[in-house]
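The following pair of complexes shares a single chain, chain A, combined with chain B in the former and chain C in the latter.
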Partner chain A sequence: MTLRVDYYPTRTYQGYKLRPGHPLPFGANIIAGGVNFSVFSRHATSCTLVLFEKGASEPLVEIPFPEEFRIGNTYSMIVFDLDVETVEYGYRMDGPFDPHAGHRFKPEQVLLDPYAKVIGGRDIWGTPPNWDEPYAHRGRLAFDDFDWEGDKPLEIPPEDLVVYEAHARGLTRHASAGVKHPGTFVALREKIPYLKALGVNALELLPIYEFDEFEHSRLNPDTGDMLMNYWGYSTVGFFAPKAGYAATGKLGMQVDELKALIKDLHKNGIEVILDVVFNHTAEGNEQGPTISFKGLDNQVYYMLTPEGYYYNFSGTGNTLNCNNPVVRNMVLDCLRYWAAEYHIDGFRFDLAAILGRDPWGAPLANPPLLETLAHDPILAKCKLIAEAWDAGGLYQVGSFPDYGRWSEWNGKYRDTARKFLKGDEGQTREMAQALMGSPNLYGSRGATASINFITCHDGFTLNDLVSYNEKHNWANGEENRDGGDDNHSWNCGVEGATDDPGVNFLRRKQMKNAAVMLMMSQGVPMILMGDEVARTQYGNNNTYCHDSELTWFDWNLLESNSDMLRFFKRLIAFRHAHQALRNRWHLQGHDQLATGYPDISWHGRQAWQPDFSQESRTLAFMLDGQHARGGQQPDDMIYVAFNSDWNAHGFELPQLPEGKQWYAFVNTALAFPDDITEVGQETRLEEQHYILVGERSAVILVGR
Partner chain B sequence: MAFESELRTEDTTAFIIAKGELDANAAPEFRTQIETAAESALSKLVLDLRELSYMASAGLRTLVFARQKMGSDVDIYVVGAQDAVRETIEMTGFHHSVDMVDDYSGIA
Partner chain C sequence: MTLSTDTIDGMTVVTLSGDIDGKTAPEVQQHLLPLIEDNNALVLDMSNVNYMSSAGLRVMLLLYRQAASQDSQLALAGLSEEVEDVMAATGFLDFFTVASDVPSGIAKLKASA
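== the complex of A and B ==
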């Protein structure tokens, strides 16, 4: 290969051939004949590139950046003839150690490149690290030669999504998963047929960026169990997939294994959404380790108090300074990289309200980072989903700065659905809003701004929501103080597992009622991994620290709770079959198309007369299929009735257009197998004007 | 066992027989042979890995390299990869770049 003339070395250092590098892109990138290294620091006084042979404790060489290799606040260097397969790299930064001024330079520490695309050193999940290793998380080089076979992000319209929130390891770690490499990306690939059969078309993965499962690891004093950072909401490197989630991590091939998973998911019509954690890092506060940012330029990367302490809006020790322009660019570079190189379809931003705070913590009216992401050309088709609150008290559900692009985890939907489900009074009006995709919150943004969920990783599973009044977090070793207390859960009469058949029947019915709410709501439904088979975590609502059977998906549940699985599958299939349920824009309650029916109409025990009184626990609605998608894709009539009361109630049915009749799809009051039919095989109602909705039950009818 | 490889060409089919351990040090040799093979007009490239006991990531990358070097008109066969090698190829998705066959009878 002929090298370009300008790539000839201009210097040598201890036998290594060098020349000034390209300041952009940041990171370490393979170029013809060598590797281009570039790193930012504003306050460092000097920078040294440290190269290692893979896994070695002692460096191969330490190359100080000559002064002419610094442009502005960037240090860049091309090193020729490196073995790109085996080299590892890091930096030393010299500069002031003056915490009061925000500076924590520590030149004795080799630092991880924030742009490292592969991070070695922790290649196998759960292998206890060598705590004496001075350079634990080690930058490596990535290759961009993956054969995508024409794949690209799927760009499924948001209104058509059914999201499945899952833990990349937990889904396949249980022995019952029957996979060769449990808890890995390759094992997840084996489970694609399950996801496809379930009917979900977006897989939202809990964090898969490199993190340290041993951060704050400890033994539970009561049980002796190892408690670790299982969820992974604490990033070590934003550009690198977690090596320990790849069966090939020990070969350093996690990039390829993850890409192979994404490609196969796409082939099966399933998008990939990553849960990304840009609000803080794994470096903690003053007491935490120096891994990367702290030693590169603490004052730039973190929000600091005037005294130089870490602001803690994340509840985890530090807060990334996301609206500093340098940090903002890093976030943008990172997301662009994942969208372009990994074909990621969307991102869910953990504690996203933090991303709208200024460097001193005050909420911004027009946060530059959120605006930048919304308008970015590379991210233009990616779903951007905010967890619209933070641990510093900023709660922005319904008011998150959206720029016409952002959707939100609708926390108010969750709370309303839970309260209505357990029979709280005064919920019907709010519940009606929730079923419509919360126009009260997202009036100008459309129904798809609302990611509807009743459960997620953070909190009770669906089964626990109907089995526990209180959290039971003793296994977390924090004396049951951790985890939320406002669960709006109801145990159906007995706290925890029981063999009382009446209680168990009610719980099943409540789970099905919740599923009906979720799948009959306008907006984007999200299901928590395992809820479709009634997975329990025994009342623990904060299982972040358990890598055990408590958190793993037990595949035996597919058999033992096959009735639940069937119910979910059919319900999801029904949603996919009925576009009336999947409108991008909010329904108006008016008959814009002069069909004789409003697009959505509200009913109660009397047709056309919803009861929104304080005592009401009954609510029904009808969708006129002729209005589906603005009348572009006509559908059947759909009628859904909820009765959260402890007494059965008769509901008068609205009159259908001439020639149409009501058919029953779901009646959760009925035991398996009569609770649900196959889609398209609904049973014609004998009585067309009235239906009895049992106590704490839901009904779905189709008019055709 | 040290890496050994041998290239021979019959008509429009090139055979590369690789033995031993294909680690990062050996990968350039394997890569060079693929480049050499690509110099003649080929319809098939057969990579005989029956006696290859280990393949590092650098070795796997040469499969992608072969696909990119040869273009889509050349069929690339990987013959008789041992379990560990085959599994790594499959886990990283590299099997989509090539045809994995058990023995020579699997070559079309």
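== the complex of A and C ==
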């Protein structure tokens, strides 16, 4: 450490040596000989640093910030000779309690630093907290010297991604996971070989910022089960990983454990995308607890009505005031921190439409936060993915302000694919758009603006999409009122599990058909954890409150549904093998390269004659591989046909160029093991001009 | 924290007893640094260390690197299951030569000498 001439105390307070601190960076940072504390409040009248011995209820000391330690609206101080491993800290802010004016200062409450990098208090998942502890979520210090050994974010081109959406705990919590520390980051490392073998190259984790699983915890009146916040869409601290997701969380080492996981994923070619929730916090509305922002500067951090109540565009009680310049900078600091310190490859923004609202809730034409993130130098190669709607009715799928950088969870893709899958009429035209990466939505932005998905954590699993007509959310304790009703699902004849072999065969086929849609679409496919082995949640489409076998990945399914797993693996491998499926820009339907074929052509029961009529449930397309990636990386011809009708139909095949023949890769009408071949081992068709596509089936052919 | 040094089979073996945390790490560092400079191989008997904190792990890694930088070797022998788990979870274990006990630590270092 280079010696500095200014790191000496200028005063002492109750035996603690102090000096004025650095206002930047915000938060508590370990420096030579001490810790630099810095916190913002515009409307506070005074600020006190409160230090604790780890876990203690009573403070070690409360150090008021002397007036000369304040610069502008920041309070900063260096405290020397602290034991950085055992100290916890928080702040008291004095100021007006005047809700009408937006102020809710509460000096009796010790407040969590919004920039805290480690947060204690929920160290082991599910351990009931001491409800009488007045300072529940406690700031701690983090070492930032993890040795990355040359690792950096992978920067996989978006068109090459196959995203796997998973719950950090749920993936390994089930007894069948066979790991030493179930439900933790280190356990997830043990499952990297599985992810790699499946073929996914991006792991999108549900929120891993510190949250309180005991928020709104309650017993289910019917079953007596403990209901808690399992999903974690309720942030306590934006800079701290969830301690309870780390086996070493009880020792405060979650930062290193998470970094070790990310480093290992990167070593195996898998990116890490975080689901981040900047639209609201865990502090709720007027009735909610004061944890941090509310007591630091309520009027700055939250969107408030003219009367001082909380706007509720998030549906959870409050709305973070993210286009206030101070809050905007906090969001930016946070994402930069995760990108630079944790090597995160991308972010998926929960209810991102809120990030485009002004402090009074009105949608902005040019939202400063979204623009800032799009142009930020540190985030420049990070994937930025918007959930382009919010709970206040702002729906921006296809119109989210993108600045050439943002992609979107394509909710319209999901709905169209589901409707086409179950045989709704009038879907073929929309489905054709979906298969092309939705040029109708993202014409100027390219196919990779579209994150394609049929299922995600929010809603039915793939198995349940083909097994239930209605949601079955009774276990959530709200009399089945919660959760969406617009599932576009079809149970194939029986509601729920059945031993009817015909129904079960149809369900399997439907799941495979869905997988074919997803993997044959231009854009970025996303798979929900466990869909590859037909995981069920028994018809519950809103499992946010269940930390149980209902939501955990059951690893026994690898064996019992090995046919599904094999199908997914091969299909993903096929996608990776064929660049014609992975174009960054939209295909045009023209023959720009004069190959004799358009880049994409549409077909039906007659070649070259797609049927886009209202009654049509058949659709086929052909990709001319010579056009792949603008002709730079030539590929085979690929032909895909869908028949969502309940009758089998013959499809006339388009004529291949001289010397090429059609080979069958997938036919979902056929039972295992004939449903799919190995990639490269496709079977030559006896009949080269015609193929029968069974009822509710899909085929994939390769022309080479 | 107590540290004691022995010579076994011609190899210097240091036995550490107690926790290695922010408070004891400087002492560990002070004791081991000169030994690293004087020896080209060192076995640390960790079987009486029940806890290593973040600061403890960091000091051990610095010592290990110090040894490597002067072509000497360091092996951790007899890690408790708890300590080894923590080291594995946080990624620190990957950096070290580890052995189940002192004799196998000696054998490992002799084999790679």
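To be clear about the criterion, the second predicted complex is superposed on the first by the 701 of 704 C-alpha atoms of A that agree within 3 Å, B and C clash if a C-alpha of one lies under 4 Å from a C-alpha of the other, contacts with A are read in each partner's own complex, and residues count from 1 in each chain.
Just so it is clear, a contact is a pair of C-beta atoms (placed from the backbone, for glycine too) under 8 Å apart; a residue touches a chain by one contact, two chains touch by 3 or more.
Computed from a predicted model, the values in this text were never measured in an experiment.
**Q** In the superposition on chain A, see if there is space for chain B and chain C together, and answer fit or clash.
**A** Verdict on chain A: clash between chain B and chain C.
**Q** With both complexes overlaid on chain A, does A:390 touch chain B (first), chain C (second), both or neither?
**A** A:390: touches no partner chain.
**Q** Contact-wise, after the overlay, does A:256 reach chain B, chain C, both or neither (first, second, both, neither)?
**A** Touch partners of A:256: chain B and chain C.
**Q** Contact-wise, after the overlay, does A:83 reach chain B, chain C, both or neither (first, second, both, neither)?
**A** Both partners, chain B and chain C.
**Q** Given the touch rule stated above, what does A:248 touch, chain B (first), chain C (second), both, or neither?
**A** A:248 sits against chain B and chain C alike.
**Q** Can A:147 be said to touch chain B (first), chain C (second), both, or neither?
**A** both
**Q** Is A:531 touching the first partner chain B, the second partner chain C, both, or neither of them?
**A** Neither partner.
**Q** Identify the overlap between the chain B-contacting and the chain C-contacting residues of chain A.
**A** In chain A, residues 83, 85-86, 143, 145-147, 180-181, 186, 246-248, 251-253, 256-257, 259-260, 263-264 are touched by chain B and also by chain C.
**Q** Mind listing the chain A positions that touch chain B in their complex?
**A** Result: residues 83, 85-86, 143, 145-147, 149, 180-181, 186, 246-248, 251-253, 256-257, 259-260, 263-264 of chain A touch chain B.
**Q** Spell out the residues on chain C that touch chain A in their complex, using ranges where they run on.
**A** On the chain C side, the touching residues are 21-23, 53-55, 57-58, 61, 85-86, 88-92, 95.
**Q** With touch defined as at the start, can you tell me which chain A residues reach chain C in the complex?
**A** 83-86, 143, 145-147, 180-181, 184-186, 246-248, 251-253, 256-257, 259-260, 263-264
**Q** Which residues of chain B touch chain A once you look at their complex with the stated criterion?
**A** Of all residues in chain B, those touching chain A are 24, 27, 56-58, 60-61, 64-65, 67-68, 87-88, 90-94, 96-97.
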